[in-house]
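Below: a set of structures, written as structure tokens.
The two complexes that follow have subunit A in common; it is paired with subunit B in the first and with subunit C in the second.
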Partner chain A sequence: MSNSESGNVGIVIVSHSAKIAEGAADMVRQMVGNAVPLAWTGGDPEGGLGTNVAGILKAIEIAWSSAGVAILVDLGGAETNSEMAVEMLAEDRRGRVVICNAPVVEGAVIAATESSGGSSLSAVQRSAEEFYA
Partner chain B sequence: MSLNRAAKENLVRALAVSVIEHADELTSLDQAIGDGDHGLNMKRGFEAVLATLPGLADKSLPEMLRTIGTTLVMKVGGASGPLVGTFFIELGKAVPEQPTRSDLVGATGKAIESVKARGRSEAGQKTLLDVLVPVQAIFAAGADAEAIAAEAAKAAVRTTPMLATRGRASFLGERSIGHMDPGSRSASLLIGAAVATLTIEAGL
Partner chain C sequence: MHDANASRASKSFTTLTASAVLVNPVGLHARPSVKLTQCAKSFAATIEIALDADGPWTDAKSPVKVMRVKAPQGAMLYFRVTGLDGEAALAAVLALVHDGFGEASSSD
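Up next is the complex of A and B:
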């Protein structure tokens, strides 16, 4: 998980499957190279399918940017655990993390592409969520 | 209600054992209408809670409940982690060290509201709320321990004919009908264990 000093919005990919999360991250890197801080997490605390708050907190830390972080999630538990993780962040960071209502792979690629152009967190979230509209 | 150190330890053990001993049953319920990990996830969470004993029981009741909740949030690894964890965390925020029955009624009510907010859900969607809400209602209305435990078991059974509209089971649509909700079953186990222990330890 190499990172970016670009100051662009960070992208976090949360899937129940570490393979899906890593693969989606590979697709993001292919699109935007190192222009965007990026991290992924997948699996329960023992490495089975699932999501876990500690892993999500760590991913947010890795992808942290002063411009904020957009999280892409797959199924319900990924979203619930991501919301829990956001609430556990320090207060000054909490308001700069959003969970996008978008498909995880497409949303991550679109969000990262938007971020790589220097867009704001709200623009990054909007472009990912427009995929559903 | 006064809970000394030994009573708190017994309560934590009873809660954990109730879930751990039924892990296979919870998994098989979840295999029918979910992703089949509920038993394993809850077992992992409550084993982590057990591992914090005996020190956990030295904490004040509010702090002990918050610690249980945080441990579950961090260790369960599924949507039930934040949901059940939030219940314990918020219960810990709302109870005094020596709660009266009316304190517990108020605190469980607040904790259930937090679970609803966390899951953006209400009773009637085939989730643990279908146990928590009716059990809390009869608790608030003055039911005794036996009636509370009986209602918890019955409420879980009542989820069987329900259509899931929230959680993984909702993906199955009408095929979710005819199976007991695993989250409701684990909630009923925890309530049964809590009530039995509090009756012995504190004369609930």
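Up next is the complex of A and C:
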């Protein structure tokens, strides 16, 4: 997990697998660079496959940016747990977090690319979601 | 291998065109696409790319669209740039292509 204080939209990667989440984050760092706040979370608290709300909340905290945070998720539970985590955020932050309807790896790279150019949260989300457009 | 001779067209801003051969081994794949879009986004000008001088043209600021072009090594990449900082933008993207997106040297 890592962060860099910039005005750029933060990216959170949520996968059932810690390895996938970490690997996707590695790709973002290598391909896009360090200008984007980035955090990942994956696996259940016991170290198995799964996602957990506490881990997602922590990742949002790490990647937090005043410009907002875009979350990339893989399957089912990753999305519902992310939605739950967003609901648990302070009210002033809740509206600045979006869950992107995009493939987790590609979406993370594209969202970060968009963010690195200083784009808004909605532009970051739109760009990531172009994959399914 | 640049053809930087601009073709002058529009009224408000001159539309500049140029082309360059993709020299890096993987062509315009993921990482080069990201670098190209990051570079393009740093300019206000409209920047488009194509594999043919007649298009179809793709917004160089959209990483998803740029990757979908799937331009291979050896392909001629055409640029069409319009805007106040168009000349600087065109020079920057051409330099990027010419340098193989930095892939020949260190990987960062």
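FYI, the second predicted complex is superposed on the first by the 133 of 133 C-alpha atoms of A that agree within 3 Å, B and C clash if a C-alpha of one lies under 4 Å from a C-alpha of the other, contacts with A are read in each partner's own complex, and residues count from 1 in each chain.
Operating definition for what follows: a residue touches a chain if its C-beta (ideal position, glycine included) is under 8 Å from a C-beta of that chain, and two chains touch if they have at least 3 such contacts.
The structure displayed is predicted, hence computed values, not measured ones.
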First, second, both or neither for A:G117, with subunit B first and subunit C second = second
Winner on subunit A touched-residue count between subunit B and subunit C: chain B
Report for A:E46: first if it touches subunit B alone, second if subunit C alone, otherwise both or neither.
-> first
Which of subunit B and subunit C A:N81 touches, first, second, both or neither = first
After lining up the shared chain so the two structures overlap, which partner does A:V109 touch, if you call subunit B first and subunit C second: first, second, both or neither?
-> second
In their shared complex, at which residues does subunit A touch subunit C?
-> 30-33, 109-110, 113-114, 116-119, 127, 130-131
Would you tell me which residues of subunit A are touching subunit B in their complex?
-> 16, 43-46, 48-54, 75-77, 80-81, 83-84
Seen from subunit B, its contact residues with subunit A in the complex are 35, 37, 40-41, 44, 73-75, 77-83, 85-86, 118-119, 167-168
Contacts from subunit C onto subunit A in the complex sit at residues 30-31, 34, 37-38, 41-42, 61-65, 107-108
